Amino acid sequence: MTPLPALAVVVPLLMAAAISALNPLLRRRRRVLDGAAILTSAAVAVMLAVIMVKAAHGEVIYWFAGFRPAHGAAIGIDFAAGPLSAGLACLAAVLVTASMTFSWRYFERVATYYHVLMLTFLAGMTGFCLTGDIFDLFVWFELMGVSAYALTAYRPEERGPLQGALNFAITNSVGAYLSLSGIALIYGRTGALNMAQIGAAISRHRPDGLVVIAFLLIITGLLIKGAIVPFHLWLPDAHAVAPTPVCVLFSGVMVELGLYGAARVYWSMFGTALGHRAAITGILLTLGLLTAVLGALYCVRERHIKRLLAFSTISHAGIFLAGIALLTPLGLAGVAVYVAGHALVKASLFLCTGIVLHRLGSVNESSLHGRARHLRITGVVFTVAALGLADLPWFATFAGKGWIEASASVRGMAWITVLLILSSALVGGAVLRVAGGVFYGLGDPPAEDPQMAEQSSEETSETVADKGRTPLTMIIPAAVLAAAALAVGLIPDLGRTVQAAAVRFQDQAGYNAAVLAGRHLAHPAALFPAGDSGITAASVASGVGSAAGALVLAFLGLYWRRLPLLRRGFEPGAGLGGPIRAFQSGVINDYVTWIVAGVACVGGVLALTLR
Amino acid sequence: MAFFPFVVVVWILAVGLYGMVTSRHLMHLIMCLIVVQSSTYVLLLGVGYKTGAVAPYFFDIPVHTPAVDPVVQALALTDVVVEAAVTALLLAFAIQAHKRFGTLDPHELVQLKG
Amino acid sequence: MAVQAVVTPYSVSPGLMDVLQVTILVLVAAGATAVVLTRDPVRQVIVLSGYGLLMAVLFLAFQAPDVTLSELTVGAVALPILLMLALAKVRKADSVRDRERDGERHGKGDK
Amino acid sequence: MSSRARLWLFLAGMAGLAACYLWGLGGLPGFGHYPGPYGDIINRIAVGQTNATGVVSAVNFEYRGFDTVGEEFILFAAATGVATVLRHLRGERERPARDEAADRDAPPTSSAIRLSTLMLAGPTVVLGWWLASHAQTTPSGGFQGGIVLATAFILIYLAGQFLAFKRFSPVDVTDAVEAVGAGGFAAVGVTAVAMGLPYLTNFLGLGSKPGAVSSSGTIALISFFVGMEVAAAFVLMISELLDQTLLIGQES
């Protein structure tokens, strides 16, 4: 039994403890501190990559303290790493490495706290991905959460971070407690906490109220983390104000981890019991598409660049959930690759925004108009990453979305392609509009919305503005990440490998055998046959279409005032401002209300359709 | 009696959430969150209870005495630690929020919206 | 020894245990309601502390002495201390601000 | 959203949520009928396997010890987070200890309070220590012991002044103790890995007799580290909050 899975969590924890213990010594030795954190996260990334490669031939199972299950009952905690879970954890470690490198010259003054919290955050994400125990999942979820709340409020001298951290912490805590209630419910039925064992126990019977509601409560907490409408309201508050290197992790992996958790819980525990019914697809698909479109619309009207990127993350989270909802191996494989590609380009976009903030001291699209012309390399990287976000071939995002769409049309739901292209184009258009306006000075500066100007003006103390040149430690991670998104899309045979991993992820019987009996099934039984993961004309058309749509929308966004048909002063959708603002109100009472109402709606539909 | 403890669980959750939704003071809201979490303790210990069984300590009783489930108690202990940790962090946020906003009314603690 | 009294349940008959549990559960439900309905934070901390105490008793009746101890130390002592400290800070800041505002209004000659 | 709309939306949602939740709870086997098997298996094997008579501690520090690693680091991250958020910012300084109302020095703590709290501090430390070192035998453990130890520091604060409290718990030392506690726990597990065993395997001798204080190997050791971590984390969080009450400046 290789100790790597345990070490991937424990090493960052030990390093965090060591840094904290040596606080007085390290406080003034920034370089030692940075170096230790970067090396630790890079080492974790390597460990996870090794696990990922090993897991390609069968789940890597690790029983803590050596308590192996006897007669199908687990008495200890296990890590069960498949290629997808190890891959997602590896992605998290890579992003932590990149953002720690970026932070090398970024923060004006930084205590050891930042490094400690980043490392505990990394450990939480890794443990969350690898664990095979439902309560252990909750523990790492909370470690991830607590570290993330604290990192959000890293600049407590400003208002925005405090609002963001409070709303983030309170909504996610409510979600975590609902999840814990679901865990207690399912434990009260099965007397087990191991996901495989629970799955085996509940799949013997028809699903009843307890199983349905336990599923509902557990995924609620995860969907809150995954920013699915109407549980998404905390996200723009938190992502817009956290330090930029932290935003990379929030948007790049933390949100996706919530959705991964929902998929894991479904495929390892509830899938067989609930019977993979059309109702599950229907509910998750509805939530996903609603999120994708709503997030994209909010994204387009935003002027605060970090917040704009946050809304684009919501939109993409919706696309991911829609892909998961298809329940097919090809759909899941598409989501996996899309998540990787999205994480890389989104991280690159955030890092470029960080460079702009570092050099020009603002993240307000209106006031930055044309002011970043001299940041040529940053502009190129930002534009390339924005095109990647719009699913331009052959970015990884393009491959992933192509498979989701292919899988949808096999399942007879080709119409969702339209919505996916629409939301990709809207999001890509908004980000390209920023690129064109800020880095190239195209078009007219957008009208200054006084409220948004006030919101953006606050971003000052994160980094000292107006440095002479961009440090290499900032631009290199951004460029490498954007290039990696392209490279991942060009890996030969990617489709077959990832789809094989997705088939295994969805094979509950195989997972059970691997965890509880230590056996590996040679031929996993797929619920839906594996689809064709080749690049088809339809997928190229869709990728090119959304990228072209994004360019057109960006052009319209920059030049619409000059169009002859529109008279000056016309604001599209101006009348909608009221309801839009009322929904995203920033008031925590509203957010909790929406959570309660959302759970009730999803629960009601589940109850009516699954009984 | 068979389901009364679980009805209490739902009641605690409901009043806790009601408090959070109607709260006009962040400290009040944080304490309501504590109430929401306390419903999970009652649920956890409730599902692990066995009528007539002893606490799982075999210091001075024979090892084979029927005992209640020790696992949920360990889970509840973890839950209590999480409660303490999250509350402490929220209080720190609240103190700083009060300095910046000059109030703890959740309706006024809004810098970003729309 | 006090610990023995905790771990030996035989002194309470099952029927009595039921009555005890139901009574405490009712009190806990009422306690939760009281915590939520107490809108003044300082009073609420005290009510919350009492609620923690009730929960501790409930856990004892659920045969969970370990959780009882934790709930006593955290719910009834440590958290109320943290909450009180935070409230003290907030109220002090309020009073300082009020005094400054008064000072501005009346001018400095009042002292 | 207006308060009224919010309340109605909440009430409707809460009615639905409560109905769902009750429907789910109705599927439980009923109060007092724990179905097993997890807890029953543990109750059957724990004492024989670990020599710990406190089975909850055996679960916490051995069978599900890895959960507790995560739990300790949640507390650790929270304490670090509190220190991060409440760190002294530009323009903030400590206010001299003065009575605000009358603008004079704070009255000294009466000697009766000083004496009685100091007398309480000793037994409190002993109790905390006892709890932290008896995890394996009776209902106690590092967590409860740690918090009791932390309250001893509060007593010292009551007895004297905050400055004395600070002298007893300088932030750097508390930080270090906390990190050693949390890290020590994680390191006990790594020691097992270094010996070629799975993480957190109980590699120490279990002692000869169940229920002895020196029994149960790493359970006692881990409980000690947890006690350290918890005590330091709470002292740190309390002193950070206390510190805030002495701060002025940069209020908006």
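Just a few scattered comments:
For clarity, chains are labelled A, B, C and D in written order, and residue numbers in each chain start from 1.
Throughout what follows, contacts are C-beta pairs under 8 Å (C-beta built on N, C-alpha and C of every residue); 3 or more make two chains touch, one makes a residue touch a chain.
What you see is a predicted model, and the numbers here were worked out from it, not measured in a lab.
Of the two chain pairs shown, A-B and A-D, the one joined by more C-beta contacts is A-D. Averaged C-alpha coordinates put the centre of chain A at 28 Å from the centre of chain B. Look at where the CA atoms of chain A average out and do the same for chain D: the two points lie 31 Å apart. Remark: chain A and chain C have CA centroids separated by 38 Å (rounded to whole angstrom).
Averaging C-alpha coordinates per chain places the centre of chain B 12 Å away from that of chain C. In chain A, the positions touching at least two other chains are 135, 139, 142, 146, 149-150, 153, 156-157, 165, 181, 185, 187-188, 191, 193, 585, 587, 589, 592-593, 596. Listed for chain D are residues 6, 10, 14, 17, 21, 25-26, 28, 34, 36, 38-40, 42, 54, 56, 64, 67, 71, 74, 77-78, 81-82, 85-86, 138-139, 141, 143, 234, 237, 241, 244, 250-251, each touching two or more other chains. Residue positions 3, 6-7, 64-66, 70, 74, 78, 82, 85-86, 89, 93, 97 of chain C each touch two or more of the other chains.
Interchain contacts (touch definition given at top) occur between A-B, A-D, B-C, B-D, C-D. For chain C in complex with chain B, the touching residues are 3-4, 6-9, 14, 17-18, 21-22, 25-26, 28-29, 32-33, 35-37, 39, 41, 44-45, 48, 51, 55, 58-59, 62-67, 70-71, 74-75, 78-79, 82-83, 85-87, 89-90, 93, 97.
The part of chain C that touches chain D in the complex is made up of residues 3, 6-7, 64-66, 68-70, 73-74, 77-78, 81-82, 85-86, 88-89, 92-93, 95-97, 99. Contacts from chain A toward chain B in the complex involve residues 135, 139, 142, 146, 149-150, 153, 156-160, 162-166, 169-170, 173-174, 176-177, 180-181, 184-185, 187-188, 191, 193, 236-237, 240-241, 304, 307, 451-452, 455, 458, 577, 580-581, 584-589, 592-593, 596.
Within the complex formed with chain D, the residues of chain B that make contact are 1-7, 9-10, 13-14, 17-18, 21-22, 46-52, 55-59, 63-64, 67-75, 77-78, 80-82, 84-86, 88-89, 91-93, 95-96, 99-102. Of all the residues in chain A, the ones that touch chain D in their complex are 1, 3, 6-7, 10, 13-14, 16-24, 62-67, 73-77, 111, 113-114, 116-117, 120-121, 123-124, 127, 135-136, 139-140, 142-143, 146-147, 149-150, 153-154, 156-157, 165, 181, 185, 187-193, 208-214, 216-217, 582, 585, 587, 589-590, 592-594, 596-601, 603-604, 607.
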